[in-house]
Amino acid sequence: MDDLYREVIIEHYKNPAYKGHLDPHDYAFEDSNPLCGDHIEITLRVDGNGNVAEAAFDGHGCAISQASADLLIESIIGKPVEDIKSFNRQHVLDLLGIELGPVRLKCALLSLKVLKGGLYGLGDTLEEA
Amino acid sequence: MTINVSEIRAQFPILQREVRPGVPLVYLDSTATAQKPLAVIAAMDDFYRRSNANIHRGVHTLAEESTALYEDARAKIAGFLHAASPRQVIYTRNTTESINLVAYSWARATLKAGDLVILTEMEHHSNLVPWQILQAERGIRLEFVPVTENGLLDLEVYRQLLAQSPKLVAFTHMSNVLGTINPAAEMIRLAHQAGAVTLLDGAQSVPHFAVDVQALDVDFLAFSAHKMVGPTGIGVLYGKRELLEAMPPFLGGGDMIREVHLRSFKPNALPYKFEAGTPAIAEAVGFGAAVDYLTGIGMEAIAAHEHAITEYALERLEEIPGVKVFGPEASHKGGVAAFTLDCAHPHDVAQILDQDGVAVRAGHHCAQPLHEKFNIPATTRASFYLYSTKDEVDKLVDGIYKVKQYFG
Amino acid sequence: MTINVSEIRAQFPILQREVRPGVPLVYLDSTATAQKPLAVIAAMDDFYRRSNANIHRGVHTLAEESTALYEDARAKIAGFLHAASPRQVIYTRNTTESINLVAYSWARATLKAGDLVILTEMEHHSNLVPWQILQAERGIRLEFVPVTENGLLDLEVYRQLLAQSPKLVAFTHMSNVLGTINPAAEMIRLAHQAGAVTLLDGAQSVPHFAVDVQALDVDFLAFSAHKMVGPTGIGVLYGKRELLEAMPPFLGGGDMIREVHLRSFKPNALPYKFEAGTPAIAEAVGFGAAVDYLTGIGMEAIAAHEHAITEYALERLEEIPGVKVFGPEASHKGGVAAFTLDCAHPHDVAQILDQDGVAVRAGHHCAQPLHEKFNIPATTRASFYLYSTKDEVDKLVDGIYKVKQYFG
Amino acid sequence: MDDLYREVIIEHYKNPAYKGHLDPHDYAFEDSNPLCGDHIEITLRVDGNGNVAEAAFDGHGCAISQASADLLIESIIGKPVEDIKSFNRQHVLDLLGIELGPVRLKCALLSLKVLKGGLYGLGDTLEEA
């Protein structure tokens, strides 16, 4: 259980590298976790090759949701948008390096849900994953 | 495909009971509510002793456990129905609330004055009154598929009614009085051809034989846990995803929302959109255990056993002078035998049977229009389940002879 | 007027549990749902093992027993509330359904476009969303009594709103976040003077202190069994007789009818008019046992115990740097302490507390507008009941210091 | 239990003395038991002194409801209407001479409910009794 608050998570939570709002941006998505109110907004700029040039997240919530957003943004910069569409929950869990119960899983996956929901223009793609 | 009834009976504590000293219980009232095996009772007991917490909103261990148990049960029920997704399984209180949910949410959003809803003459009050309320409120039109003398639906008239472009066809999969098992797949196919949405009252079918919602292609299915060896206080509405997604919320409150502000709210995703407030959590756990229990024994085996008992019961009852059993032959019938006895009123029959521990129902069984159709105020009804035995049928028959002594 | 907490704790099996090996449960989440004493668990267990049958319609022994148990529980609940008659006690699923029943039946039959309904800013979603749905459907007008900085209702504004001739005033007796106990008797008196009907959300009051519906003169009262050591799946709507009598039925189906024909029905008398389909029978039995249990200990003693714990908890929490507790002083407050910690999010607080077995809630506790008012997305909430101890408060405080180590 | 079907009850059920419908009549009341469908109609003629001159019941239902109706009618003939208004459940139970569970009690009391409900013009006077 102590694992849940590994230093990397506390660190990304306290000092996120990608917190902010890009303006102008090519994509902006946001969503919140209805059960706890955690909120994430992601803004993206895409370069001519369809790769993510810049990205940032904004929002509020628990360490798990905010750290995973920061880690997720870090992991997508420079990646082709098409590749990002196939990111799954394991991708985020690998970034976090922890095991999570169902409720906290939703916190961890909120940023991925926002990202993929936005890229696909779909609401709930992830919850069935 | 046979079941070991004495082994099964040993798993139901109440079947060990004596109604009065020396008088063992002969429970022939499973159509009203089924008895519960130890596995179901223990699952709920254990939940309250170990895991009880409110669900969804909690991060503590108990809340995670209870949420998992609650959702596991939903997944089991979805599997039992062959539903595409557990999200299509909405917990309600009972069959009645499930049907009302469709009437309040889907129907009020969809039906206009003059729209036709087709029901049948053999419906339980639960599948009549919600539509009568809507008729009074909205001016929808209700038509009824007649019941023939031998207790079957008149499918000729059904086809004629379908030609009038109904918006909804809502009917019982199995009559709780006649025992008639209606040809649901065929009726649903015809309804869809006519452009109607279908609602199946599965209160008596889901407990007694395998029901596959995808094979049936049914739009809505309603049933209750308490009739399928599960607890009271919980039932299910299954629905097709597109329909459920499009429906407005029904009850408002906690859990059914995505966000709430003082003057507005956004509804939650399925199935939570329709589950307002703290749900029947322990009951969901018990419901899951009931589904496990029935699956463990096998719905085919259960249906076969009930069929054998029903055949025997019809044979024995029909041999009693003055007894008239309602409904079709055993081949079209589930485990229900509703009858009249010429010399005595059903209440008196039931009361005298109770002297010997034989528990049957007397009355209109929430199907008063069907009784009116047959010109009788009431029937006595014996009904069977996986734990019923031929020996119990014999006790029923002996009891009826005793009634004849009093009144004959 | 003191209670023996260790004796009480021994009656709650779950409080003997270790969350993980060596980590005993410290359950501080009773506002979400209460734990259950053996007496309640056993009553339901026993019901399923001995008496289970469907109610009302049966003449056999089991049906008579279960009907008597179901109705005895209603009478106990009526007594607990000091209601004039058990007929005024309607079984529902939970507080949420009780409020929706009023919204669907009374309000839809009574309120017209432009009619004013007064709520408050501290309402649970269950007492907001039903009225928002009605606003969207009917064009009623909603106004909210504001919450002051120290967590009390602004009664000045309430009086001003009353001058606008509201048709309904619906408010919580006790906030599930702030713990505020509202001056219900006075608010109801003023509402009646203004000609309004009143609905009290008793989800947090009825479990925690004596509530006398006749002394309060309240028109409707809603509450849930699961928050008062009873089972999930059952709640109550109490109502004044004239109001309930005049209300149209809500859910249609079995038991709520007097007679049914194919095209019409006559509703049943109270309370059955509002109890459609097979109700939560075992749960009613458990509810009755819960009321007996609470009565046996005494609501005054329970309230006094909770008050002492709450005072102690506020004292200890406020001494932690960075902790801010919401709501009024202990003197105006029930057993709830919702707080924020400057360095950590409530979810993380709850998660870290869970490591030491301390179960608290984190989130908006179904009172999102109230959190918006205070400009916070969430709080961590510890809540107390008759089985809570000061020792448990100490463990909570120790846990918060641990959180500060992680995040400080 | 066997007591429930005492001979007097079976006798009044099989051969009721007061079954029928009076026409003309001074009062006619009817009601049914929603739980079982038992139905009772009572017609009365009252003489100049306010006493019941003639009475009859009609309807259908179980032995308990029909026998108790017959016994009740027998017991009111010649009695002042004002006295009948104070008849209570014990009166009927004494006529029947049996103990009854709550469900069958409703059968036994249906005729009294019809009678009193009619005389008072009220629906449910009895259930609270």
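Should a chain be cited, it is by its letter among A, B, C and D, assigned in written order, with residues numbered from 1 in that chain.
In this text, a residue touches a chain if its C-beta (ideal position, glycine included) is under 8 Å from a C-beta of that chain, and two chains touch if they have at least 3 such contacts.
Keep in mind it's a predicted model, so treat the numbers as computed, not measured.
Colleague: Just how many steps, at minimum, does a route from chain A to chain C need if it may pass only between touching chains?
Modeller: Counted as steps through touching chains, the separation is 1.
Colleague: Can you tell me which chain lies farthest from chain C, using the average of the Cα atoms as each chain's centre?
Modeller: D
Colleague: Counting C-beta pairs in contact, does B-D beat A-B or the other way around?
Modeller: B-D
Colleague: Provide the C-alpha centroid distance between chain A and chain D, rounded to the nearest whole angstrom.
Modeller: Centre-to-centre distance between chain A and chain D: 76 Å.
Colleague: From the mean C-alpha coordinate of chain B to that of chain D, what's the distance rounded to whole Å?
Modeller: Each chain reduced to its C-alpha mean, chain B and chain D end up 37 Å apart.
Colleague: Express in whole angstrom the distance between the two chain centres, defined as the mean CA positions of chain A and chain B.
Modeller: 45
Colleague: Round to the nearest whole Å and give the separation of the Cα centres of chain B and chain C.
Modeller: Measuring from centre to centre gives 31 Å for this pair.
Colleague: Please list all residues of chain D that touch 2 or more other chains.
Modeller: Within chain D, the residues that touch at least two other chains are 35-37, 104.
Colleague: Mark out which residues of chain C touch at least two other chains, giving numbers and ranges.
Modeller: Residues 57-59, 63, 257, 259, 347, 351, 354, 362-363, 368 of chain C touch two or more partner chains.
Colleague: So in the complex, which bits of chain B are touching chain D?
Modeller: Those residues of chain B that touch chain D are 344-348, 351-352, 354-355, 362-364, 368, 371, 377-378, 406-407.
Colleague: In their shared complex, at which residues does chain D touch chain B?
Modeller: On the chain D side, the touching residues are 1-2, 4-5, 10, 14, 35-39, 60-66, 104, 107.
Colleague: Contact residues on chain D for chain C in the complex?
Modeller: Touch residues, chain D against chain C: 32, 34-37, 101-104, 123-124, 127-128.
Colleague: In the complex, go through chain B and note every residue touching chain A.
Modeller: Touch list, chain B to chain A: 56-59, 63-64, 67-68, 71, 85, 257-259, 266, 268-269.
Colleague: For the complex, which residues does chain B have touching chain C?
Modeller: Result: residues 13-14, 17, 19-20, 25, 27, 29, 32-33, 35-36, 40-41, 44-45, 48-54, 57-63, 93-97, 99-100, 103-104, 121, 124-133, 135, 142, 144, 224, 226, 231-235, 249, 251-257, 259-265, 276-283, 347, 350-351, 353-354, 357-363, 365-366, 368-369, 372 of chain B touch chain C.
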